[in-house]
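Please find the structures below.
The following pair of complexes shares a single chain, chain A, combined with chain B in the former and chain C in the latter.
Here is the complex of A and B:
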């Protein structure tokens, strides 16, 4: 069972030419995620969501605090779905997927093609990224993340660069694959609907990277946006999100 | 342990994917047809190139007509034929000779490139990837790049005298900075997002170097290598002109000193034709192959 333990995590970016004063992205964040759950980190721009995920992925170093991602007491295999597909333009779709995988064999290739078929792209393995639409490229990024059989899956606003229709269909793909794989997952988003549709738990981050609220989402799956129960929870989360705006304005916090 | 087996797709998915992949791949890689539909044949690239050559020849004919010091085309071609056939140059003890000087030059050129290009790539990767190496070597590399070819020619002649080593070293010294500067620029232009992606997936460094670093550098490296081919050939010719007893440059100088200008122009022509052929027949096809991923054929988005 995979566990992600985020303990008193702080990240302060030093002053730069464009930002003369230092910026606090995260201010003492504590999150514990254990087991086959999908946790959404929800917050407005500047709340340190992406920074948090980058630190968990090992792409950035924290200023203080610790992050431990383990699977049965050994470091967990992490995979990452970015906001943009981040594919090597000079490699074919299948080669892009195999790039992040240790094994290179016919079986790996078949696995890559299988995950591509899971996101509805069974015919594009030999094409280059430039030959695909933005939505198709993002689906490749999702298939790649599942190919490495991760213990912990990180997703950083994976649908934010897509049009509404493509984003919605991609959410369905992710939900379907996640239901089959049940990976421990952290999803960063600023979209309340997306968070409620996908997550078992929603952590609200306010600007400055401080946790404002931690909301369990106890709804049956699969969830669809037009389901009344889903819409009720969305309305509740949205209320809390709005009250967080007021709390930020007046310096309050629920936790 | 992969969970692949746990949710294997219906049996028809994989064979279907395998069968259709080839079709999609082939459809996606077709070379563009020569000329767009409805495009006038006078505007097609092949015709425009041919027109350029014809205009150049006409200009040569005109200049030769108005200036008696410029040899005409027929004189030059006749001289070239004498060189090729090993005939007599009338009044000269030296008989026509074409292949030995040409092969001497090509051999020196090839050796220089074989040594210089890998050195340039290695230096470029080092300077591009390491800030310490950049601090140490970047200015030196740029300074070498700015040095006129004729300086290399004289240095090679001074250091090595009338031997094969001089021209070869001159080619190496010319090629290395061209390749290194372009490769290091290529390394620094690699998308940071791709590096982060590789780090987040824990891609091991040999694969990161082989796939991301070399692949990401390829466009700049190709530009550098193409420039290096031309600059190296120039350098070789100049060194042979001043400090060799064989080769195309030496042969051109020999006829120049003998006041046989058609011979001089004939060998300059050989020199130009060779570099153009090299570019058209080898470098451009290789570059096209390396950049086939950037072609954007029409694909029905799903």
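Here is the complex of A and C:
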């Protein structure tokens, strides 16, 4: 069973040429996630969501605090779905997927094609990314993340660059694969509906990277956007999201 | 039977036959333009040669005859080998040094600020001054042309390697790190494929500059090679031989650039797009 322990995490970016003052991206974040749950981290843009995932993935160093991601007390295998597809233009779809895999076997190729079919892509394995639409490329990114059979799955606004319809259908794919695989997952998003549709728990992050609220979502799956119970929870979370904005505006939040 | 065709198949084939004819005409039209260009060039040559006199500008056919003589009995082969050896030596040195400096510049702002000025300076120095400097610094020796060739080629390689490396999509590197790829994999699968075309482009530019520099350095500071033969012909007022040596060398270099170098470019383009990942 995978566990992610985020303990008092802070990240302060030093001043840069474009940004003359330092930026506090994360201001002491504590999150503990255990087991086969999908946790959404919901916050407005600039609230440190990407920074948080990057630190969990080990591609960014925290200023202070610690992150531990373990699976049965050994370091967890992590995989990452980015905001953009991030595919190598000079490799075919299947070879892009195999690039992130350590042990390549005769089965690898078939596994890659299996995960492609799970996101509704078949017959594209030998094409190059430039031959696919943005939505298809993003689906390859999702299939790639599942191919390595991760203990912990990180997703950074995987639907935000897509048009509404494509985003919605991709959300269904992700929900379906997640139901089949039940990976421990952190989903970063600024979309309330998306968070309620997919997550077991929603952590609200406000600018400065401080947790504002932590909301359990107890809804049966699969969830559909037009289901009344889903809508009720969405309305509730949206209210809290809005009140967070007010709290920030009127100084109700710590600086 | 499908119910779709609303345009008769005949009409389609007629249309495409027309298009085909037109594109054939266009192609031959373009080719004939090339031929006309050469004809005009040759005509102008003869025209000037009749104005200036045979001694100043020998007619084209005498130059071609002389070139043939040089190839068969005039020592063209040995002089070519000596020139090309120095050219290749200088160029390979430049390739190694230029790549090194290019990486340095790409990864380190301090070195970039330090070296950008001097590199620009080398690029804008007239080759003729460098050729004279070769003589002053090294005298008549094989070393001078090699080092000067290296010097002029380095900036082009450096700039393009640096450009290739800084043009690498940082996000692909972050992706690789997130998925636990090793440094070796990142170099082989991200850095090299993203920068190879720009690097080769730089190498081609560098080569074009290098052979011109090498030739000129030989004119001033060598006792062998094609440049030296050009100077000897000049000193004995043998314009015909001077032109013949020049034309032969330029022809060899252009053939090399257009066949070998271009083929390497195409090969690199294909290599980049190949699947290396599937079979480890």
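Structure notes:
By our rule, the second predicted complex is superposed on the first by the 252 of 255 C-alpha atoms of A that agree within 3 Å, B and C clash if a C-alpha of one lies under 4 Å from a C-alpha of the other, contacts with A are read in each partner's own complex, and residues count from 1 in each chain.
Assume a contact is a pair of C-beta atoms (placed from the backbone, for glycine too) under 8 Å apart; a residue touches a chain by one contact, two chains touch by 3 or more.
These numbers come from a predicted model, not from an experiment.
With chain A as the common reference, chain B cannot sit beside chain C without a clash. Legend: residue contacts after superposition of the two complexes on their common chain; A:181 is shown touching chain B, with no touch to chain C. Contact with chain B, but none with chain C, is seen for A:123 once the two complexes are overlaid on the shared chain. Judged by the touch definition given at the top, the superposed model places A:105 against neither chain B nor chain C. Shared-chain residue A:78: touches chain B and chain C both. Applying the stated contact rule after C-alpha superposition, one finds that A:59 touches each of chain B and chain C.
Measured by the number of chain A residues touched, the leading partner among chain B and chain C is B. With both structures placed on the common chain, the touch criterion links A:135 to chain B but leaves chain C unconnected. Residue overlap on chain A between the chain B contacts of one complex and the chain C contacts of the other covers 54, 57-59, 77-80, 82, 84, 86, 88, 90-92, 99-100, 102, 128, 148, 154. Per the touch definition, chain A reaches chain B in the complex via residues 54, 57-59, 77-80, 82, 84, 86, 88-92, 99-100, 102, 107, 110-111, 113-114, 116-118, 120-133, 135-136, 148-149, 154, 180-181. For chain B in complex with chain A, the residues that touch the partner chain are 1-4, 6-9, 13-14, 16-18, 20-25, 28, 191, 193-194, 196-204, 207, 211-212, 215-216, 218, 292-297, 299, 301-302. Contact residues of chain C toward chain A in the complex are 171-172, 174-181, 185, 189-190, 193, 272-273, 275-278, 280.
Note for the complex: chain A touches chain C at residues 54, 57-59, 77-80, 82, 84, 86, 88, 90-92, 94-96, 98-100, 102, 104, 109, 128, 148, 154.
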